[in-house]
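Shared between the two complexes below is subunit A, which pairs with subunit B and subunit C, respectively.
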Partner chain A sequence: MLTVQIVNGLMEGMMLFLIASGLTLIFGVSRIINFAHGSLYMLGAFLTYQLVPLFSDGSLLGFAVAVLLGAVLAAAVGALFEMAVLRRIYRAPELMQLIVTIALVLIVRDLVRLVWGPNNVSVSMPDALAGAVQIGDSFFPTFQFAIFGAGLLVVALMIAIIRFTRAGVLLRAATDDRGMVALLGIDQRRIFTATFAAGSFLAGLAGGLASPFGNVNYLLDTEVIVAAFIVVVIGGLGNLYGALAGALAVGVIKSLGVLYFPRLAMVLIFLVMAAVLLVRSMGRRELQR
Partner chain B sequence: MVDKRFELSRTLARAALAAVGLAMVAAVAAGPARAADPIRIGLVAGISGACGPLVDGEVKAVELGVDQLNAKGGLLGRPIELIKRDSKTKPDEGAKLARELVLNDKVDVLTGTCSSAVMLAVSAVSKELKTPFYSTIGNSQKANIEAFQPYFWQTQAHALMEAAAAAEFVAGHADWKRVVPMGFDYEWGHTSVDTFVAHLKQLRPDMEIADPLFPKIGESNMTSYITAALAQKPDVVYAAVFGGGLINLIKQGKSFGFFQRASLVTLMTVDTMQALAKDMPAKGVSGYARAPFFELMGNPKAKAFVEAYRERYGVYPDDWATSSYDGLMYLAAAIEAAGGTDADKLMAAVTSITVHGLRGDALKVRDFDHLMNAPVYVGDVTTDSPYGFPIMKNVVRIDADKTMPSKEQVEKLRAAAQ
Partner chain C sequence: MSAARIDWRIVAAGCLAVLAAIALGGRGGAPLVTEMLLMALFASSLNLLMSYGGMVSFGHAAFFGLGAYGLALAVSRFGLPVAAGLACGPLLAGLLALVFGTLCVRLSHIYFAMLTLACGQITFTVLFQWYDFTGGDTGITGFMAPAFGLDERWFAVVVLGVVVACLLALWRVVNAPLGITIRSVGEDPERVSASGLNPRRVQLTAFVIAGTLAGVAGSLFAALQGNAFPDYAGLGFTLDSLIMVVLGGLRSFGGGLYGAVIYVLLRNYVPLLVTEWELVIGVILLLVVLWSPEGFAGGLQRIGRRLRSEPRP
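Right, the complex of A and B next:
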């Protein structure tokens, strides 16, 4: 039973990482807390819902195509938003930037409701992933293993890009010291737009990938954003590896909580978050002395 | 000359003033009796927020019903005016809007609330401003028991009744020996689980009842709850969940092979079956429902409603729509019986009339807790359906006399709450 819950927690954690990765990437580079991350996730889910029937009659490849296309469209929305709105307010106080992203939340939510209506919709599971894998006398959904694999792939790709490409070098440089990058004559605006698009792509990808595993409706945005923030805060804002560790930890804590303290499972996660914040802020104070 | 002219204009002015005054007095006197003065219904509902998907059907059905009544000349010769407000599924917002509707828009009746929390907040306003208020979705029993107030009535089976009906259904399966209860982690979920467990213990003392699980409302990832429930090797899982969270439970449960190993008994409304469509498991899901249209088609009134709804909106009505329409027609009958919208006369009519509605030919509201004798429908979900989405088969209508708490029980609960 313990192993079942741990495996399960890791699976859920990877799903959370997929959501949180884009959020932490955007924050790392542009210091923007993007409240609209959940909206882009939701958009990815709805676009997948719309596109799946066009490409897939239960085939895995068609599903993958629909998800990727949905994610690309979400990235386009993100890039457009960055160029049209966010770019103009990077010098504004942080609160202002936060409010602008909340405006995007409201706009996307109303548009989604207008296009797809207020009711729940369901994306069908691709046939190949519909079954369960038996380990011992427990069953695990094939789908969760696929998500875990997709999560690992995203981590590997992100590390590869960040470590070994010029774009990655610029990204790291911009995360470390924005001013220095500008002094070197690199157009910061392009870095910011690209990062925001990449983060939006990851959000859309997560939304599309998760869509067959549950319900899709216009309220997904806020459900998702809270979980993503918890993960990112535990992992350290802007820290990719931290987000991965934080996501897996949250998944496992939740599933063990359900096993041992069924009535407190949700509270546990917030307690861990509070503890992490407390320890970190104390550490900072130590440093300042 | 100047004085005279002044005198003349003053006289004229006085005369004019008097005429205007007289006209005003006449208008005021005629006001309440004038035939065209509309009956105003204030609908406060979570048009946005967590209740959005449920309220959609409610609003559609109420708009249809109001238009139908107006097409027949309104009620008592007065047209009906529907004023909608979005509570955003927030109790304080709902209470504020209800107050504005009564004080500024002069509504005669309030309705609409979906979340129990908003319902209780609006009920408090209804009590304070002595404005009749009925609920067709939100169904916390608190409004009928501890927080009861004389201007409220409930046109649904409340949470205790639904949980009792679910217990009856589970107890009726002799081959089910172990049950895991589950509920959303808020007032409604806990009350439902507690009532279900208490009722089941009486009906089936032999049944093993595991510790309940409480996922948060709308939980997007139910997997740890699914594995925890399956680890108990249950024959059946009772789940007081609904909407998106329920869809997550079913879809994720399906990939765990849940429905090959256990059955699920849960609140199963038409909108959930429409949303799941072909993703619904072919067996293993049973449900209790409030107003499943496909079970009501034998009733000509219900059939006419379903057809009118389809013609106007192009879809079949979900339970929220059907029961909200039923609630509106009950109100219409009460207004006609009361001969107007005077709050006290209307409430007297509400508890004395019997209405032939969509859910039966003898709907009425009890006087000591203002609860309608609404039935609960239980059955097994099947994908074999003529409607293009799953429905329920082997449906049993559990009448309210089996599930409604007795007067003594209600009084005991009220005394305990004080």
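Right, the complex of A and C next:
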């Protein structure tokens, strides 16, 4: 039972990482807490729901194409929002940036409800992943492993991009010192737009991948954003590796919590989040800024 | 932030306007006005933190919800009379504000916001999960007649009295030396600590005052509805209060008040025209941030200045 829960926890943790990676990326570069991250996730899920029948009658490739296309569309929405709104207020107090992302939450939620209605929709799983895998004498849904694999792939790709490409160098430089990057003659606006688009892509990707699992409805946004905040805070805001560790930890804590004290599981997670915030802040000027 | 003295003419005019709305508003008028008043108090309490203390809380609804549950639990679980319950609500909210605040003021900026989010979600989850005591997601209902069984209009008048008293007290606070200290901590905590004050203690004081006032609003809200639900402490109400403050106007005492009036009116009347009222609020919020970052109050001031400097021929 313990191993089952740990495996389940790791699987859920990888899902959480997919959700949180984009959020932490955006925060690292632009210092913006994107409340609309959950909305982009939801958008990715609904777009996948819309696109899957066009590309796939159960085939894995078609599903992947639908998910990727949904993520690209989510990225386009994110980029558009960055260019039309956020770009005008980078100099305003942080609160203003946060408020416009909350405005985006409201707008996306109502648009989603307008287009897809208020009821649950469900996305069918690709046939190849619909079964179960046996480990020992327990069964796990194959789909979970596929998501885990997709998560690992995303981690590897992100690390490769961040380490070895020019875009990655710029991203790291912008995370460390925005002013210096600007002094070197690099157009910051493009970095910000690209980062926001990449973060939105990841949100949409996570939403699309998770869509066959459970219900897709217009209430997903707040559920997801709170989970993403927890992970990002535990992993250290702006820290990608931290987000991975944090996500796996949260996944495992949650599933073990469900096993041992079912009612307290969620409280436990928030307590961990609070403890991490308090402990990390001690003796660290950087956090106090 | 104008002169510190209370302008009783404005208070009287405001009260008369509210009384007129209650008297003439017909069947739906009084409950709408009551909701508006309670949201005004709730948003104003958050405004104390945001506009004066420079603290952005993501968990402010926790205290609103605790106010509601303080009343509901005192009456339904401990058999206290409703009047005593009404005192328990703000007390519970204030106590928890002291506990959460002690932790939260150790952090600043986004980390403060994240910790208040955690505290708010802990409160919400406990209310949501502790079935035996709080009733879980079914909440607590039927512990009192909605609005004490009073006529809705009379209840609205009672609420008006309480809210005006709280807002006047808040006005006294922000214009007293304490309020000036809160404001200076909001601007520059290091300078405040250099002048020998403890900025954290000042922030904690503001946090407890704000939490208690939110608790008053929550208790009366529970009394209005005759129920208490975990949602009252949830992220939805927190976002509502943030949106109200920004709509109404940051850096202005009336921000919460204006914001609540605008928000409640929009929420009640926009759905009559289009079903997508959140879309409308979202777009309005975007426009406010882009074109009038100081909200409705800032817009009013700008118009006022323009009128004064350019008198009509």
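Convention: the second predicted complex is superposed on the first by the 283 of 289 C-alpha atoms of A that agree within 3 Å, B and C clash if a C-alpha of one lies under 4 Å from a C-alpha of the other, contacts with A are read in each partner's own complex, and residues count from 1 in each chain.
Just so we're on the same page, contacts are C-beta pairs under 8 Å (C-beta built on N, C-alpha and C of every residue); 3 or more make two chains touch, one makes a residue touch a chain.
Here the structure is a predicted model, which means the values were calculated and not measured.
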Problem set entry | Room on subunit A for both subunit B and subunit C (clash or fit) | clash
For this session: Considering only the touch criterion stated at the top, classify A:V115 as touching first (subunit B), second (subunit C), both, or neither.
Result: neither
For this session: Go through the superposed model and pick first if A:I159 touches only subunit B, second if only subunit C, both, or neither.
Result: neither
For this session: Applying the touch criterion given at the start, work out whether A:V4 contacts subunit B, subunit C, both or neither, answering first, second, both or neither.
Result: first
Exercise. Counting only touches as set out at the top, which of subunit B and subunit C does A:L60 meet: first, second, both, neither?
Worked result: neither
Problem set entry | Which of subunit B and subunit C A:A92 touches, first, second, both or neither | second
Problem set entry | Touched partner set for A:A182, first subunit B, second subunit C, both or neither | neither
Exercise. Looking at the overlay, what does A:R263 touch: subunit B (first), subunit C (second), both, or neither?
Worked result: both
Exercise. Which subunit A residues are contacted by subunit C in one complex and by subunit B in the other?
Worked result: 113, 263, 266
Problem set entry | Residues on subunit A engaged by subunit B in the complex (per definition of touch) | 1, 4-5, 8-9, 11-12, 15, 113, 117-122, 124-125, 129-132, 138-144, 212-215, 217-220, 223-224, 227, 254-255, 258-259, 262-263, 265-266
Seminar exercise, completed: Seen from subunit A, its contact residues with subunit C in the complex are 31, 33, 85, 88-89, 92, 94-96, 98-100, 102-107, 109-111, 113-114, 222, 226, 229-230, 233, 237, 263-264, 266-267, 270-271, 273-274, 277-278, 281, 287-289
Problem set entry | subunit A contact footprint on subunit C (complex, rising order) | 50, 56, 103, 106-111, 113-115, 117-119, 121-122, 125-126, 129-130, 235-236, 239, 242-243, 246, 250, 275-279, 281-283, 285-286, 289-290, 293
For this session: Give every residue of subunit B touching subunit A within the complex, in rising order.
Result: 49-50, 52-53, 55-56, 185, 211-216, 218, 220-225, 227-228, 230-231, 243-245, 247-248, 251-252, 254-257, 271-272, 274-279
